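Have a look at the structure below before the remarks.
Labels run A, B, C and D following the written order; every chain starts at residue 1.
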Amino acid sequence: MKWTYKTSGIPDNLFIRGKVPMTKEEIRAITMSKLRLKEDSIVVDVGAGTGSISIEAAHISNKGKVIAIEKNPEGIELIKQNAKQFDVKIEVVNGFATEKIKEIEKIDRVIIGGSGGELKEILRLCYERLTPSGVCVINCITIETIYESIKFLEEEGFVDMDVISVNVSRGKRVGRYTLMEGLNPIYIISATKEDV
Amino acid sequence: MKWTYKTSGIPDNLFIRGKVPMTKEEIRAITMSKLRLKEDSIVVDVGAGTGSISIEAAHISNKGKVIAIEKNPEGIELIKQNAKQFDVKIEVVNGFATEKIKEIEKIDRVIIGGSGGELKEILRLCYERLTPSGVCVINCITIETIYESIKFLEEEGFVDMDVISVNVSRGKRVGRYTLMEGLNPIYIISATKEDV
Amino acid sequence: MKWTYKTSGIPDNLFIRGKVPMTKEEIRAITMSKLRLKEDSIVVDVGAGTGSISIEAAHISNKGKVIAIEKNPEGIELIKQNAKQFDVKIEVVNGFATEKIKEIEKIDRVIIGGSGGELKEILRLCYERLTPSGVCVINCITIETIYESIKFLEEEGFVDMDVISVNVSRGKRVGRYTLMEGLNPIYIISATKEDV
Amino acid sequence: MKWTYKTSGIPDNLFIRGKVPMTKEEIRAITMSKLRLKEDSIVVDVGAGTGSISIEAAHISNKGKVIAIEKNPEGIELIKQNAKQFDVKIEVVNGFATEKIKEIEKIDRVIIGGSGGELKEILRLCYERLTPSGVCVINCITIETIYESIKFLEEEGFVDMDVISVNVSRGKRVGRYTLMEGLNPIYIISATKEDV
């Protein structure tokens, strides 16, 4: 059940999920887009959850490296299972992002799906390690995280900030009808480290 | 100004646009995702407009072929200019889809961005030429086209239909504020030709 | 627990609900708005469900009449319970709209929340009985019903059609965070019988 | 051209508008709903703009009082014209809310459509003057104002906070098609002063 396509947005039901929340396929497609990956990018996935974003990134940056940081042991197990199932190489790191990012020397792309209340410190640590023109993407589901993402990215010195909100509804066939069901809105914020 | 990334969702402002409406970058990212392209896919872009989707497809299916069909001469010119600017190869076809599709032997992926009121006939022609497991994606902006897409895809024998609506809002920085501005909702419908 | 306010949009949790789906408070507020009720309006609620819309209407058109038609006995019971709880007078009619509307002589406003696949016939029957400048509002949750509502309203001779889609998300407080949760999109279509 | 209906959500095109931004009819309907007006409510409209919300409130609280505060002279003129046109009584106050609210003794309902960067102080002044069970509603269009509204309402001691975001799209008839056009998302935050 490997993913044989060159495009992102792997269907949700192809992942092993457990009870860990997962970024939906349409949001993953946009997230990949905002990350602007290269084949050889070094990508860090903070709060990797089920690893669905790490797996998408690993498909594209297959000559670089994907590091998935997750503090929840259940998540760690899921990331490993999903990586195996999709036959991609992911460096799975169990622990707190504020500690584990310090052990990474150089980052080209960082995607933050969960920050455990340490967003400012995580952004600071990432900024230090980001290569010039490196990209940071933050996926938010709460008003407070959106606000803080915008604020901290600016304070930290990131440029070219881009903020979007995305509401996806999915059609469910019921007899001859297509019933539209709303997913939760997601806010995707991205910014770049200046290329000096 | 070539696009050097491996991900879709090229920023809108990198395209030459004129007055032809263009699929926005987030919608392009999801559209690519639903198309499930391979490197060697033969992709047909019906109602190609500015060619923004063709260009995204050409970046990914660079060992296949991308055919952009557009009846509007202004669009044809824009597609050529954009293809040149992004340094990708696109077969640009000026004319009505109902005629021009007949000249294509085999299609792996078709994306319909505009059908000029001939959706049913276009879907029929595409279905005949689609390879097994071939994918058809339709981007709609009107209630009538959504309804007809669902209806015709089913009638034509497509399977695994997927219907989503996507509302994107973009944050515009005004002083210290981030003002959210709504884009038009887009409905993305995709389906597959059964692999018998 | 009567509703002592003059505005519509009674909180969802004030209704007795059972397992019958209910129009959410924000959608009810907009639905009332599109209905343009007068104090003495004769209002028919087709597919009344829990009666939440009938109850809102009864608060405003308290010198007119509200007739709630519902085929599901469980719904009938809920409407009666809710009417009693909110201390409003509603004429509760158990049966199929295509039959029961025939027994009503004159309608000023009709709101269709459910049509049991008989939308066209219901619209025809309502149109015949609607007073000049009478208003018809249809709340839809499926692509097919939106499409058919637009089509049938036009065919039946209604004018001043208004179509909107509404996506509401609600903030749920989790610790210091406000998590946004998406509700299903609702399409509200309204039109008027010409005042000849 | 008076509004003869008992429901809120007066069509946008019935207002005299100029270049001042106006709350759209669907958002006004929900805003009224969240305000929970009584006939005799004393309502303060802060940053009243064109006065569209004041006029809706004046229709319902016609035995109470509606005070529209606006610092922009162009807005003041529009509010007066609209009040005259709809034949409702509104107390129009030209000046800064932080000064003018001080001159009001008792407030039952306050709706904040614009705060000129003084949201915290405005909320403090309103809280002091709000009667028990009084309601405060804030309509926001920026991430920063949503965040600050939630934060300040809590800090000020308001209870029963309710946060929603609303995305409305409107169908525009083009030939036989209904083209959906997105409006800007609006965030509506409401809370109550505890009834001690």
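The working rule: a contact is a pair of C-beta atoms (placed from the backbone, for glycine too) under 8 Å apart; a residue touches a chain by one contact, two chains touch by 3 or more.
All of these numbers come straight from a predicted model, not from anything done at the bench.
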| item | value |
| --- | --- |
| Fewest hops from chain A to chain C - one hop per pair of touching chains | 1 |
| Chain pair equivalent in interface to A-B, over half of contacts matched, among C-D, A-C or B-C | C-D |
| Pair joined by the larger number of C-beta contacts - A-D, B-D | B-D |
| Chain B and chain D, separation of their C-alpha mean positions in angstrom | 42 |
| Centre-to-centre distance between chain D and chain C (centres being mean Cα positions), rounded to whole Å | 25 |
| Where chain D touches two or more other chains at once, by residue number | 143-144, 150, 163, 165, 167, 169, 171, 178, 180, 185 |
| Touch list for chain A against partner chain D, complex | 143-144, 146-147, 150, 163, 165, 167, 185 |
| Touch list for chain D against partner chain C, complex | 4-9, 25-26, 28-30, 32-39, 60-61, 150, 161-171, 173, 178, 180 |
| Residues on chain D engaged by chain B in the complex (per definition of touch) | 141-145, 167, 169, 171, 174, 176-185 |
